[in-house]
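Think of it as A, B and C in the order they're written, each chain with its own count starting at 1.
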Amino acid sequence: MSALAVETRAPVWRRLIGFNLLTAILLGIGGWYFGWWAAHQITGPSIDYFGDTDQNDIALFMGYFVGLLGFLIGLGFGVYPWARLRGYPPSLREKETGGTARYWGLCTDHKVVGIQYLWGIGLFFFIGGLNAMLIRTELLSPTHHVFPAGNYLTLVGMHGTMMMGMFTSGILGPFANYLVPLMIGARRMAFPRIEALTFWLLMAAGTILTTTIFFGGFPTGWTGYQPLNDQANMGMDSYIVFFALVGISMCLLGLNMIATIVTMRAPGLTWSRLPIFCWGVISTAILMVLAAPVLVAVLLMSMLDRTAQTSFFLSAAGGSQYLYENLFWIFGHPEVYILALPGFAIVLELLPVFSRKPLWGYRLAVAGLLGVTLLSWLVWQHHIFVSGINSDLRPFYMLSTELISIPTGFTFICGLMTLWRGNLRFPVPMLFCLAWFFNFLIGGLSGVFLSDVPSDVTTHGSFFSMAHFHYTIMGALVFTFFAAIYYWVPKMTGYMLNERLGKIHFWLMFVAFNSTFGPLFAAGFLGQPRRVVTYQSNLHFINVWVSISAFVLGFSLLIFLANFVWSLVFAKVPAPPNPWGSRSLEWQLPSPVPVHNFDRIPHITSDPYDYGDARGPIAMPAPTGAGGME
Amino acid sequence: MSTNAADTTAIAGAPNHGKRFLTIWIVASVIATPLVAIFLGDLLPPGDASAQATQQVFDNSWLLTISTPIFLFVLILLLYTVFSFRARTTELVDGPPMRGNARIQLLWMIITPAVVLFLAGFGTYELWQSGAGGGQGPNAAFLPAGYKQALDVQVIGQQWAFTYRYPTYGGVETPHLVLPARTLVRLHVTSLDAVHSFWAYQLGVKADANPGVDNVAYVQTKGPEAFDIHCAELCGLWHGYMFDTGHVVASAQFASWIKQQQSYFAPVMKYLPKYSTSYLPDPQRRAG
Amino acid sequence: MTGRLGLKIAGVLAAVAVGGILIGFYIGGWVQPGITPYNPVAQTTTAKPTVNLTLQTVAAVGPTLSPNPDWVSYLVRDDGRWKRSTIFTLPAHALVHVTIYNFDGASGLRNPILGRPTGLVGPEIVDGKPITVMPPDEPSHTFAVPQLGIVVPVAPVGDDAKNQCGYAPCAMSMAHRTIEFTFRTGKPGKYRWQCFVPCAAGFVDGFGGPMQTIGYMDGFLNVV
């Protein structure tokens, strides 16, 4: 017992000083107040309408921007640029050692960022989902109003906006960040600091959106249509800043993915050996990089309309609401494919593992993904068929939208033929992937109705369209999100999620989901418009049925949460390095994955789908000394 | 890397899964598709109260009918694989190394575009018949027969009610919509402020109301009918309450109704702006 | 080891409790009708009930009644005191006599047709004289119940009137106009009412802010 063996560790309060989340929150809030106050002093007296409206939008925007700056500086994003300005040498990594403290701040380890994303998106998914439960509570009765009508509109808008903003990075954030380097044999992403930035921008954005309730909320729904947008209270600014930050985060995330996959593949990993998941990531990333700037631009114009009194979108002053509608949907349609494509990628990635067969039609599947990517730029006006757009263009958009079902169909045939003659096992991830087929089938077929102009006249702006996109986004993307969680959490944490609870979660969720959104097709057909707080009395029964099913759906997600906590905090069943028997490269590493990923960068010798006639392991030498293949 | 068809043919003794699946699918489709077409087709919205509504029902029922075999294909294939190909043992045994099948891929790449192109052509044809009740903007391209003699009725959306003007009846403006039966009506939908959407459910009309824009939709009314009017585009606080009931009445009744409206609103006629396809009344910008 | 387990259980329970409390506050925040208390109006109960409703419209609601002191608003007289509530509980099939004291100036109508009073029992009476139409430059506000076909334009206080009201509640001694009308409630139900005059100064089209917030220029008639 030598006196020298005593370990000296600074007290807790000392360790909290530094660049971390706590500092970031303090500087963020402080920054918000400073920006708000400063803008009031400068602009308050000069805004001619301020005296009547009691709303200084400039002050709110300044508050958010300065607060965001404080938040990012508090996290430590300024440390490296400042060091470089003073002449320090470049470095790629920050804070990659240090236990759980890494997760609470800026960390350039892509695995940490992936897990941060999982928690962050989970948190905002929960808030958005809670909003959905409140919406369905309101719709239990057409006459009894639980929430004031204005609050209800903000609930609807916040639900949609939160979900759309968060789930665009829903798969790429947690899973692509974690897995892409592991799948391509790299030790990091191309731009590790930008990777961390995209996560924290998203967290700041989500917080900003939640603050809309303090400023009167916003009445436009997630699409933010003008000129209602210009007319709205200050809460609208929270929406604008949220989506702008989401757009920037998306753009950088996509950029990072493309750069990583294009330049950092291990030797031997040719394009035809790339896992289909990575192809999905690239397709999504291309859409992100190209579509997000359009969103940021249209939001900037909205901000100028609301503050500098420009009139981009006011007809009377020479602007046009069509400008907004078109620009928004030029972003908006690729956006929904940003949501859908990762789902395709995950299903095609997981099915070979659980059928013990190669991915059928690899080239066809890649063509499907890239075909969707290309075509999604050519269809946007199907969202505004009856708005008074150029009448002659509508057959063109009808054709282009119908054409998108062709590459989508490729995904279906490749997935189904992968199952054909396989040796199918049905653990929880597989169940979610199979549910994808059913849900996206219904979502896709209802999309065919909506793409047909005469049919769109029946269903546009009604609950039919709402049911359609919930089937394609929630039924497809969110289900594959859970498939990915159940599949890859053993790799990320080293523990298995409980199989029985998982099956209960799946079946309850699948049945409740279809029971919730199936009848909404009927509600739309029967004439219920979207975003309404009251409806015809003959639709009462359908709405009550849907609301109760929605509560059950929410409950199934609580079961998932319980499973998550139970398995990772209490049960802690250790996961073998390759519980699913996958040939993919990430499963040849230990669970959880060590900080440096690979001891030696592997040389890839085959694609990950070599089931049935495997001629050896996927990579030589084996990625780590211990726990390799076979 | 596709293998030739030989890899997918049956192993001696094993059932021909492909033939089995196709048989099940064809039988199911042959049974279900006519049932859907006959029994579900006419139940589809929006009903029979106008030529455009009938057109939409026809279109919707065709889409539903064509969707049925497609739906059955995927569903049956999914269920067939799930039930027929479950792993028989708990140890991990690989399946056959099928990486593709050129014939199936080619067939798929021919059939799916064919179906899609047919649907697009069908939809365009339907649209060509008479515009299908949708808003077509100021220069409508899909004009029904006899459109030159159509009755002009303007729908003015404002926060949060629709009002209606009849230019051929002195430009009288009324708070409720009444249309004569068996008449082709040219609706001019516009807005005074935010974007609304005029949705006359039973008539099968939906046209967005945009400020400064004349959005034209055609509807050929049939017999007397009451129809629901909703706003189908979120326009602010009372969007959900922006509903009303419109009426299609016999021509004589319509004539007497409009006379009554003209006399009731006579005191205010001198204050109404001259009839125009769009209006942009003050105030508009943020003002003091 | 059981100590560790106990700590974990305690941690999870604490997290659930904190989460539950936060969710409770969150939901409560949405439900709370902002600043609008529901206001049953005193009524006389007979076979054919008649109800008196006295309202006041003001140009600026003031800091004591609202976090937005410069917003226009309706107020209702409840037991001699002026309250900011726009949700009125009325009996079905009743005659409702409404008196509106308007302390606000003219804003004008965007759609002149709303200057023609409709849906009333008897005429609209402004300062004791019946009117059939109000020119579109005049209305200061409207009281309109579209589901019952009721439109009532509210006459303005002149720009040069003396002793104009500042912040609400406004005293009767200040410059005002008196508007009276009667309508009949129909079947029980929830009927929304709104102002149709673009009186929300500073907002696009004059229809933002107080024009889109229940408790100012919009409300409900709860007909029971």
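One rule holds in what follows: a residue touches a chain if its C-beta (ideal position, glycine included) is under 8 Å from a C-beta of that chain, and two chains touch if they have at least 3 such contacts.
Note that this is a predicted model, so its numbers are computed, not measured.
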Contact-richer chain pair [A-B vs A-C]: A-B
Furthest chain, CA centroid comparison against chain A: C
Centre distance in Å when chain B and chain C are each reduced to the mean of their C-alpha atoms: 38
Centre-of-Cα separation between chain B and chain A, whole angstrom: 30
Length of the line joining the C-alpha centres of chain A and chain C, rounded to whole Å: 41
Two or more partner chains touched - positions in chain A: 49, 51-53, 149-150, 219, 227, 230-231, 314, 534
Sequence positions of chain C contacting 2 or more other chains: 192, 201-205, 207, 212-214, 218
Multi-chain contact residues (two or more partners), chain B: 193-194, 236-238, 241, 284-288
Chain C contact footprint on chain A (complex, rising order): 49-55, 130, 134, 143, 145-151, 155, 213, 216, 219, 227, 230-233, 314, 534, 565, 569-570
For the chain B and chain A complex, residues of the former touching the latter: 1-2, 8, 17, 44-46, 52, 55-56, 59-60, 63, 67, 70-71, 74-75, 77-78, 81-82, 85-88, 92-101, 104-105, 108, 112-113, 116-117, 119-120, 122-124, 126-127, 132-142, 189, 193-195, 197, 199, 201, 204-208, 210-215, 217, 228, 230-241, 280, 284-288
Chain B - residues contacting chain C, complex: 156, 158-161, 163, 173, 175-176, 192-194, 236-238, 241, 244, 264-265, 267-268, 271-273, 281-288
Complex interface listing, chain A residues touching chain B: 48-49, 51-53, 149-150, 153, 219-221, 223, 225-228, 230-231, 309, 311, 314-317, 320-322, 355-364, 384-392, 394-395, 398-399, 402-403, 405-406, 409-410, 412-413, 416-417, 419-426, 434, 437-438, 441-442, 445, 448-449, 451-458, 460-462, 525-527, 529-536, 581, 609-614
Chain C to chain A touching residues, read off their complex: 5, 8, 11-12, 23, 26-27, 29-31, 33-34, 36, 68-71, 189-190, 192, 200-205, 207-209, 212-215, 218
